[in-house]
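One structure, pasted below without further comment.
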Amino acid sequence: MDAAALEGFLAEIFPQIAEDFAVEVLEPERLVVRLKVAYRHLRPGGTVSGPSIFALVDVGVYLATLARIGPVGLAVTTNSSLDFLRKPVGDRDLLAEVRMLKLGRSLAMADALVFSEGDAAPVARGSMTYAIPPKR
Amino acid sequence: MDAAALEGFLAEIFPQIAEDFAVEVLEPERLVVRLKVAYRHLRPGGTVSGPSIFALVDVGVYLATLARIGPVGLAVTTNSSLDFLRKPVGDRDLLAEVRMLKLGRSLAMADALVFSEGDAAPVARGSMTYAIPPKR
Amino acid sequence: MDAAALEGFLAEIFPQIAEDFAVEVLEPERLVVRLKVAYRHLRPGGTVSGPSIFALVDVGVYLATLARIGPVGLAVTTNSSLDFLRKPVGDRDLLAEVRMLKLGRSLAMADALVFSEGDAAPVARGSMTYAIPPKR
Amino acid sequence: MDAAALEGFLAEIFPQIAEDFAVEVLEPERLVVRLKVAYRHLRPGGTVSGPSIFALVDVGVYLATLARIGPVGLAVTTNSSLDFLRKPVGDRDLLAEVRMLKLGRSLAMADALVFSEGDAAPVARGSMTYAIPPKR
């Protein structure tokens, strides 16, 4: 799947959140996903909320998996870990650099670094495992 | 801080999300926090989203910390891990049973089991570490 | 499998480490595993090493899984998270209280609290996910 | 601290394990640490044990922190997460590529990819947080 196909699939199956995200870069070994930061993603002090960062990493890993195996609506997150490194600023989008680490028959594992756009120092690191349903 | 004080403090510093949560039980060794599940927390198939579960555990651990040390607006999450066990149903609230594991001078650590209200089998397990700012 | 069967299976397939561990309690909803702390598990300052605590949680979750599904030598750990709460003392054994959270067809998830024997405050919290190979 | 100083410090404060490890590469933005795989690190089927991989990541992050801040024997691991991607072979050493993500006054956070020497596909991913004691 290419970037447009990924965004289209996201809009179809996750209509509640698809407009929050955009696929910035999709190359064989690299995926960058953008969170379009809006008021609902913020916390006091003008920073982006933890759940929004979780959502960005989760969507990023999901899209990286779909880009490889095609549209699988039923893949589910089974495990996640997130480390919060610095406070993101609230007036810039967040970008997640996703790295696919394993794509097996039943499990996909990837991690991501999250940046405030334009900053070189990451604001968060996250990893996610997805269970892929067996093919019928 | 008691349950009403915790909810009041949450409403003051996290107005974007305070109405999503309620303190169900607050005892010396036990805190139960409710996520009032609404349409914005759902995903296709009528299940509650991962970021909503993250938010519930995060708020639960934050409130458990405040209950012990008093209102500290600047405590920040540094690490989290979440395991997703079962799909929560979308038409019931979620309850997080929070367990404080360590309350040091600079770090608080706690974990939580998350349940769909009325079900005995947990839908998720999560743990969070909070950095507590030094007292002035 | 009962406690003796678990220990026997461990001795058969993990001879390098089986003598380090003992099953203290095995009840339908509760498993307690002991790490017999020896010099090789220690670190300077007389504390038990992180890898030893990892090993204890890993073995504990593995045994809790086997107790339910029978001897499956090929189950493998896929994800783990550990939070270190306090320094264990080096002159007492460690005990892990294991809690099975999910036992599905392909994944088992459990967590554990680890204690220095005789202390009420846990020294570590850990969770593990095991992939269970499909039955032939 | 340079590679020799790191190895010397490790030998001084962790004599039980220092001979298991070697610093392969130490550059401003890159640290590679080797686990010299021996029989005691193995599991049946000729693979390297989970606790050995944990130890490698833990030592790698510790050394990456020391390389920046100098010899601090009292830094302690507070949180860790590990994802196991593939089975390492037992007849080759493991190499950890460590990436420092944050070096604050009180917390250091880093992650690592672990490889069987000569293989391009990682066998594990891990992240660690270290608490740095306050300077006197």
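The chains carry the letters A, B, C and D, assigned in the order they are written, with residues numbered from 1 in each.
Note that in this section a residue touches a chain if its C-beta (ideal position, glycine included) is under 8 Å from a C-beta of that chain, and two chains touch if they have at least 3 such contacts.
The structure displayed is predicted, hence computed values, not measured ones.
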Matching A-C on over half of contact pairs, by residue number: which of A-D, B-C or B-D?
B-D
Could you see whether B-D or C-D has the larger number of C-beta contact pairs?
C-D
Based only on mean CA positions, could you tell me how far chain B sits from chain C in angstrom?
27
Gap in Å, rounded to a whole number, between the CA centres of chain D and chain C:
23
Round to the nearest whole Å and give the separation of the Cα centres of chain B and chain D.
33
Going by residue number, chain B touches two or more other chains at 78-79, 81, 83, 109, 129
Contact set on chain C toward chain A in their complex:
78-79, 81, 106-107, 109, 129, 131
Using the touch definition up top, name the residues of chain B that touch chain C in the complex.
79, 81, 83, 85-86, 101-102, 109, 111, 113, 122, 125, 127, 129
Can you list the chain D residues touching chain C in their complex?
13-14, 16-17, 39-40, 42-44, 49-52, 54-55, 58, 73, 76-84, 87
